[in-house]
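A short worksheet on the structure shown next.
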Amino acid sequence: MHRTAQHKHSSQPMEPRDPQWQEKVRGSFARQKVMTLIGAELVDVRPGRCEIHLPFRDELTQQNNYFHAGIVATVADSAGGYAGFSLMPPGSDVLTVEYKLNLLAPGEGERLVAIGEVVKSGRNLVITRGEVYAVNHGRSIHCATMQQTLMTMRDLAKEKQV
Amino acid sequence: MHRTAQHKHSSQPMEPRDPQWQEKVRGSFARQKVMTLIGAELVDVRPGRCEIHLPFRDELTQQNNYFHAGIVATVADSAGGYAGFSLMPPGSDVLTVEYKLNLLAPGEGERLVAIGEVVKSGRNLVITRGEVYAVNHGRSIHCATMQQTLMTMRDLAKEKQV
Amino acid sequence: MHRTAQHKHSSQPMEPRDPQWQEKVRGSFARQKVMTLIGAELVDVRPGRCEIHLPFRDELTQQNNYFHAGIVATVADSAGGYAGFSLMPPGSDVLTVEYKLNLLAPGEGERLVAIGEVVKSGRNLVITRGEVYAVNHGRSIHCATMQQTLMTMRDLAKEKQV
Amino acid sequence: MHRTAQHKHSSQPMEPRDPQWQEKVRGSFARQKVMTLIGAELVDVRPGRCEIHLPFRDELTQQNNYFHAGIVATVADSAGGYAGFSLMPPGSDVLTVEYKLNLLAPGEGERLVAIGEVVKSGRNLVITRGEVYAVNHGRSIHCATMQQTLMTMRDLAKEKQV
């Protein structure tokens, strides 16, 4: 007879390896001009977790006046990337290797909320999950889910190599 | 000033639409001969959730004597597929449209445990998440994570069309 | 003895089902305000193929002054989406179900070129491939590759349902 | 006025870095017991390309007597993995980081043919594409398409770390 097992994700040491992790993340975010262009805000960052908000603007829409999928992806990718970056060692940078995004519902509402969380932090690769919610008249709808692979770029001079 | 929002996944009605959901899932699993070939067991199924176990066998390995990634994927895909199938209406079948799998750690141990869960159950498409754990000397290691899209095939005669 | 087989992709009928396919695609593109915001141009559209160009602008960059990955994804997603839309029947709309994007090289240069092509056009789902090139001093570097699932939305009133 | 650009994939140096590349690939394939279990054959391997065939067997099927999606994925993953491994330096091993697979048509027929090809061979990561065809009464149907990320494991003692 089987019992249904209780399995937890391998408990990751969500300990930042860089004491400057918060400044590092906030500084990098501030240098991403596209975040300014679209009006994204880094609302919260913790070791292994990052939350980005994006207020609605007419110029961020697709043909039905919802947030464009590319904009949903941009905030999901950034939230996942900074969640991973918060755990990376000093002197390193973060590179998105790839991600996969499912769009679950239209990005309709006054604000997008993207939350990135680290699933596994390896020596070279960091795997994250990202969820995006559209807040519509105060109600939060799950509008996208993402699975992402990041790479720790140790030597910044080699940044172009994957 | 921002407060960090509390966002929950849109609460899905994890209500089965087919009163025969359990027999349907168990019957379909029993007809998948590849499950018999590899020795997979359907340990638990609930509306929107499915758990499959796979005991180690030498013939399921890759070159380093771990579970082969294809086998890890097979149980992840099946767990996600049956999680989704449990919610589908009578007379329908389930089709995997696509999935994306990250391998997080070697599949090393005496058993694989794959858990599939529905993230969003739409009219035509069902999005699931799958997690695979390798149980090694009783300790559970998170070895793979999957994001999957399923399709509800309403008219079984049209099954070949995606 | 084996001979290496010659296998071609199943020859898709890349016949548009809507005689207005070109106007439909160009009209939809024109209504995507985010394309105007970033400065993307619909350079070429044919049945099952779409090409979008994006000239460099400082405000589209990440922290190293390359095109931001989210922008790369936005043009890849749109190129794939319009490649698929060009084959869809009259009265339908296109919805991105999901995509997966690998970033191959930094988006460095004076222009991005995104090319979307249909791999399989099914009754409900359309699978596409997208390639993005960064043109740097006239030299074209393959900087991203995408695999995407689209859905044909037949009844526009049901657009919110996936 | 725009001309449609001609863009080629960045021409990869598909030069093997290991003179023993062919023996290495064939030896690793032979040690994968799951390949023997399912009856897969390594039909052709070249630098950056690998072709695997799998004859139909009743025990490889799902509930409708087609090849099970997990089996389709297993041969796609292996074909991509060995395409990448053929280009890796001496003393290294290959690890699948992740892949994404779209199922395009049922795996119905007397044989599966999986072809893996390298899209980009980087210092640490190798990106591949895999296509699977089902040969049915001699006619080849494109039944799956895969996008995959591999990692070069330089120091085999570190194999468990990703």
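In this document, chain identifiers A, B, C and D correspond to the written order of the chains, with residue numbering beginning at 1 in each.
In this section, contacts are C-beta pairs under 8 Å (C-beta built on N, C-alpha and C of every residue); 3 or more make two chains touch, one makes a residue touch a chain.
What you see is a predicted model; the values in this text were computed from it and never measured.
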Label of the chain whose CA centroid is most distant from the centroid of chain C: B
Pair exhibiting more inter-chain C-beta contacts, A-B or B-C: A-B
Cα-centroid distance, chain B relative to chain C, in whole angstrom: 30
Distance between the centres, which are taken as Cα means, of chain B and chain A, whole angstrom: 25
Residues of chain A whose C-beta touches two or more other chains: 97-98, 100, 102, 104-105, 120, 122, 149, 162
For the chain C and chain A complex, residues of the former touching the latter: 28, 31-34, 36-38, 58-64, 68-71, 73-75, 77-78, 95-106, 159-160, 162
In the complex with chain C, residue positions of chain B that touch it: 97-98, 100, 120, 122-125, 149, 151, 158, 161-162
Touch list for chain C against partner chain D, complex: 2, 4-5, 7-10, 41, 43-44, 51, 53, 100, 102, 104-105, 113, 115, 119-120, 122, 127, 129, 131, 133, 135, 140-142, 145, 147, 149
